[in-house]
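Next up, some structures in structure tokens.
There are two complexes below, and they share subunit A, which is joined by subunit B in the first and by subunit C in the second.
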Partner chain A sequence: MRFVLYVDVNSMIHRLDPRAKLYWVLCVFIWSMTFNHPIYAGMVLGIVLMTLILAKVIKEIKFAVTPLAILITMCITLWPLFRREGTIILFGLGFLKIYQEAVLYAIAVGLRLTAMVLAGIALLLTTRIEELEAALVRLKLPYPMAFGISAVFRFIPTLMGDAYMVIAAQRARGVDPLKGSLLTKMRNSAIIVAPIFMTSMRRLSTLPLAMESRGYIPTASRTYFIQLRMRATDYLYMVITTLLTIVFILMRLSGIGVVYPHYI
Partner chain B sequence: MSTLIELEDVWVRYRMAKDYALRGISLVIKEGDVVGIIGPTGAGKSTLAKVMCGIVPNLEPCDEFKGHVMVCGLDARDVPTGIVSRRCAMVFQDYEAQLFRTTVELEVAFGPENLELDPSEIKRRVEWSLRLAGLRGLERKYTHTLSGGQKQRLAIASVLSLRPEVLILDEATSDLDPRGKIELFQVVEELLRHRVIKAAVIIDHHLDRLARLANRIVVLKDGEIIEDGPPRKVLTKVELLKELKLEPPQVTELFHRLGWPEEKLPLTVDEALNKRIGNVKTTSRTSVKEATTKLVLKLKDVWFHYLPGEWVLKGINLKVHEGEVLGIIGQNGSGKTTLANIIMGILRPIRGKVTLFNRDVTNQGPAARIGIIGYVLQNPDYQIFNRTVYEELAFAPKYMGLPPEEIDRRVRNIARLVGIEHLLNEDPFFLNKADRQRVAVASVLTMYPKILLLDEPTTGLTPGETRDLMDLIMKLNKELGMTVIAITHDMNVVARYCTRVVLMREGRIIVDTDTRSLFTKLDLLRENYIEPPQIIEYSVRALGVPYLTVEELVKSIEVIE
Partner chain C sequence: MKEVVEMWKYSKMIAGFVLAAAVYAVVLWVFAPLWIIPGVTGIRIANILPPVFSLLFGPAAAWGIAVGNLIGYDILGGALTIGSIGGFIGNFLLGFMPYKIWHRMFKEPPHCRSISSILKFEFVTLIHAAICAHVISLWCEAVGFVPYTPLAFIIFTNDFIAPAIAGPILMTLIYDRVRRAGWLWTDVMKGYEYTPSEVKKRWMLGTILVTIGSIVGLIATVGVGLGLGQPLFFGPGLKFIGTPLVVTGLVFLIVWAVGVALLG
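Entry: the complex of A and B
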């Protein structure tokens, strides 16, 4: 079972400072919201995919393909039913009218969400959690909060390991919590949930103890093992990203890349 | 020598607790001291350790705390735990609970980061600590991918990087294989010799090992210090130690039972070899109970891997006969637990065949083994979920669809056998570890299995608790004819209880023999970093024949007047 998204390859994107990558994700979000025409939204998605190729991790997004396909399909089928404005009617049945603009808009929304999700995944594929934590600390997020974020990632595998052992233990007692009808499974869920909950409580209750017994004082300042340094390439990357953002916003302001000018 | 830790009349009562955990402890630890703290469960050993590093009373709620605690010149009650722990740091008994960072190097760096050291200095300390703990090369590994033994080493490294003046180890080697235990004690010795740490406090049940390392032994009982002195004085009080259900060094016990005076008792095998004990009639050696020949479990050429190409089991052939007590031993990562999961059907072999009572169960899951094999996992908390002990015991038979009267009969029968009758209405969550372990065993026994499969059943138990649990299992073996397969690191358990031993290494069975023959091969054991119990090493070296227990040897000796 794989618990860590990060893929350890050496690529231009991997070498970037996590702060530059965080900035890029933020900009992808802005770009995605800038356009609502599918071709332009597709262009933003294209940039994200290009980045994934540059980072040599494009194959790693396989796990996300199905959920994203479902997301796009849902957008395309549902949006046009509710956004009933436009000039060209594609399809009409009584009061139900489907407009061409609404369909285009729906496709754009699907692509836009995909671009945003993949940008986040790209960040996690190319950046270690601890680098991200270090970046957040440098960006002046209080240490306990940054620590909390990395701790969540840290304890997911532990939790999964516990769950595996609990299931093994219960199977050894003749109960297979993963088998049977939905009703049986629900009835059986207590035998997995209760031990996992109790085990996790035992673990987490000792966390502050574990931290303070290693010299940690919540209010005191500390130094950091992971050193981040913005290099010329990082600045270059951020400049390019910023320029693109400006260009995209100017395009939008002059009415390029939109189906509905008055909607986001 | 300067004083490092000074406790003066310390009383501790935890929140909601009826009784005091510590009652008027006064203790001074000076530079150069290596203090071994021993005592039965609930004597207050861990509490004492937590007081010394500032966790009690600052972080663990107490209803009452009295007395003075000075740690390296600091009044432990006035400064936060984070300050005290920089001077006097502790490795927890539950090492999993001590680890909270994503990667190995960050785990070790956490302490030095708090000390506000330079990144370059942090890096030096990380390298230094990892080298000492034997984890070099794993810097960037994720903590959750480490084995239990590696995690325990990591917990130790993460404390060493603070460079504390006093190091406290609270059963910090419980999950290490024999080799790991030896290595870590060597590290502590080295740190002390080079004055990297000024004193050490070690809570450990292996008194023979403590005898070699400590220069002072403190015995706790019911929150009070009842003995405090050099090992030679304290560990030779055999009767007292036995009364506390502790295991004195076996050679010490041997000479004590042969009537030697306290001041002349040896502590180590080498000391014992210098003394003459008299004539030994090798004839009266009790022979191993012959196992009946009925085959109950057979594994034929079993191969298994989690990831293709990385074989964890490489062609296991194993036959288990009815009534046997089989011990499976081997280093961490040799494939023992995987083998147990294959036997139980939780994992299926990639190649090979598993036969249970002449039935091919290779491709069947645990359901096909219910009522035949009972499997007890190392951590009892993974299976306990009911609100009372009674319900916990009744769960499996209920699930098997037995009638209520039969279930009730089984629960009461097993509860009596296991000795937890008085706990039937308790909430298992609040029991101590030894009792939870009993509940876990009992909840499997109510299925009336013919084979009991145990994965490290005695880890984290005191010698007394280990004895009680294993005696119970032997009772089941004798009275019900239950076959027992136990994975264990504890060579005392192997020597005392197992009739046959299988030694695993890198996914293969390299030795499969009766217990006594195994222990004649001291070289082979050393090669596999297995430390035989003192009495065996002594008897092989002194007499050329292994005696498995002190009783056995005592019976065979004719004392020369």
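Entry: the complex of A and C
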């Protein structure tokens, strides 16, 4: 399990302005929600994977493969139970009927969610947290909020490490908090969460001191070490992304790439 | 409600926000959800945290829970969809409601060391689960993403059972430590009462309206859904009800908003 996502590689995607990358992630979400046919949802996933290859970070997504495989499997298993419309029945038992359209829709949802998760991960693999914070401020998010959000991203890897240490400590005592029935997990969760919380509180107790010792004034106007500047390649990247978004929306409006026209 | 904005002026409250968001995101990741509707909702053991964090960190927890859910569940967990907008607001309310009711209504601290304190904890947990389920499900129904009735049932059960069982245990373990460390939100934000010295009549009325708007609202809207043919769970055909259900839900949401305004 890796805890720091950013990978320092010299690639075209790394060099892009973080605002352009944020815009791309937003557009991937729109593209993913546009289609509910697996072939078209797969095409969106393909674009995301191509971007990861271009960014030279495709090998870094290994940690997400198992959770995503579980997600896709759960999608294919459960979504057909919620979408009970169609013309071709694949399986029927009493009132339970599984339609071909529902299975196609389920596969599409799995691929769509995978594309969205990987787009978010691609952003974090290719963008430093400091750049992300600067981008959020330039996008007019109030500075304390942008600082808070970037601090959350910064602390998650550390706290994740702490969490696995607590779990390992419990396992060494003969208790596996991640095993057992749901009720057992619920009951055990308090004994896991309490040490994680206390460790985190100790770690974060120095944060206000650090902020104040550096003269933190939330309302003051600030200068930044990282200077973001949009260049021609950033604009070109955004134009291509926008054009793709328009094309995909027009395709959807024309009925292309949909199994169920009345569902997202 | 001005404390929700004012909190960003305090460095320790920002640290509280980072703590709540990061720990919530990490616990969501460690206890990976058991998907019920993949990409939408699942059984989340991490839901024991919102009421506990809310009662300790106040408004910092409200923002922290919303951002922690966005990062740990939506972006990294594979649930970033159109429903995430409702999810952000719903999770914000998960962290907002418990402290808001407690600091206006109950003179006893939320230490969960007495039966009355535990009962009060369960009451605020019930309210927070109901309003979160109502808001997210209403949004998902309104945008045609997932029908209200099954989703409301799942989210409410999810947000209530885990914190009702393990929340008091966790609170007992950490309340005194947090208080001694001076991290309670009213220790940082001077001018606010952690528990009221006297309970004003408009706060009582506000709590009654919040209860009606959330719990009665949830039951009534589910009732409308069931009456118009939307099944509670796996029925012969899940469908969207649309306007009658959304209008019913909105009426109760207005009642809830008036209640919150009275709570101040």
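Methods note: the second predicted complex is superposed on the first by the 210 of 264 C-alpha atoms of A that agree within 3 Å, B and C clash if a C-alpha of one lies under 4 Å from a C-alpha of the other, contacts with A are read in each partner's own complex, and residues count from 1 in each chain.
Rule of thumb we're sticking to: contacts are C-beta pairs under 8 Å (C-beta built on N, C-alpha and C of every residue); 3 or more make two chains touch, one makes a residue touch a chain.
Computed from a predicted model, the values in this text were never measured in an experiment.
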Exercise for review: Tell me which partner A:Tyr216 touches in the superposition: subunit B (first), subunit C (second), both or neither.
Suggested key: both
Check your understanding: Touching A:Ala190 in the superposition: subunit B (first), subunit C (second), both, neither?
Key -> both
Exercise for review: Could you tell me if A:Gly174 is touching subunit B, subunit C, both of them or neither one (first, second, both, neither)?
Suggested key: first
Check your understanding: Should A:Val152 be classified as contacting the first partner (subunit B), the second (subunit C), both, or neither?
Key -> second
Check your understanding: With the two structures laid over each other on chain A, which partner does A:Leu68 touch: subunit B (first), subunit C (second), both, or neither?
Key -> second
Check your understanding: What is the contact status of A:Leu207 with respect to subunit B (first) and subunit C (second): first, second, both, or neither?
Key -> both
Exercise for review: Pick one for A:Ile264: touches subunit B only (first), subunit C only (second), both, or neither.
Suggested key: second
**Study point:** Partner with the higher number of touched subunit A residues, subunit C or subunit B
**Key:** C
Review point. Looking at the overlay, what does A:Glu130 touch: subunit B (first), subunit C (second), both, or neither?
Key: first
**Study point:** Touched partner set for A:Met198, first subunit B, second subunit C, both or neither
**Key:** both
Revision key, fill the gap. Where subunit B and subunit C land on the same part of subunit A: residues 151, 153, 190, 194, 198, 207-208, 211-212, 216, 218
Study note, to complete from the structure: In the complex, subunit A touches subunit C at residues 29, 33, 67-68, 70-71, 74-75, 78-79, 81-85, 95-96, 109-110, 112-114, 116-117, 120-121, 142, 144-145, 147-149, 151-153, 155-156, 159-160, 163-164, 167, 178, 182-183, 185-187, 189-190, 192-194, 196-198, 200-201, 204-205, 207-208, 211-212, 216, 218-219, 262-264
Check your understanding: Touching subunit A in the complex: which residues of subunit C?
Key -> 8-9, 11-12, 14-15, 17-19, 21-23, 25-27, 29-32, 34-39, 43, 45-46, 48-49, 63, 67-68, 71-72, 75-82, 143-146, 150, 161-162, 165-166, 169-170, 173-174, 177-178, 181, 183, 234, 236-238
Exercise for review: Over in the complex, which subunit B residues touch subunit A? Could you list them?
Suggested key: 53-55, 58-60, 80-83, 85-86, 89-90, 92, 94, 96-103, 105-106, 109-119, 122-123, 126, 142-144, 158-159, 162, 341, 344, 346, 365-367, 370-371, 374-375, 377, 379, 381-385, 395-396, 399-400, 429, 443-444, 447
Revision key, fill the gap. Subunit A residues touching subunit B in their complex are 3-4, 128-130, 150-151, 153-154, 157-158, 161-162, 165-166, 168-176, 190-191, 194-195, 198-199, 202-203, 206-218, 220-227
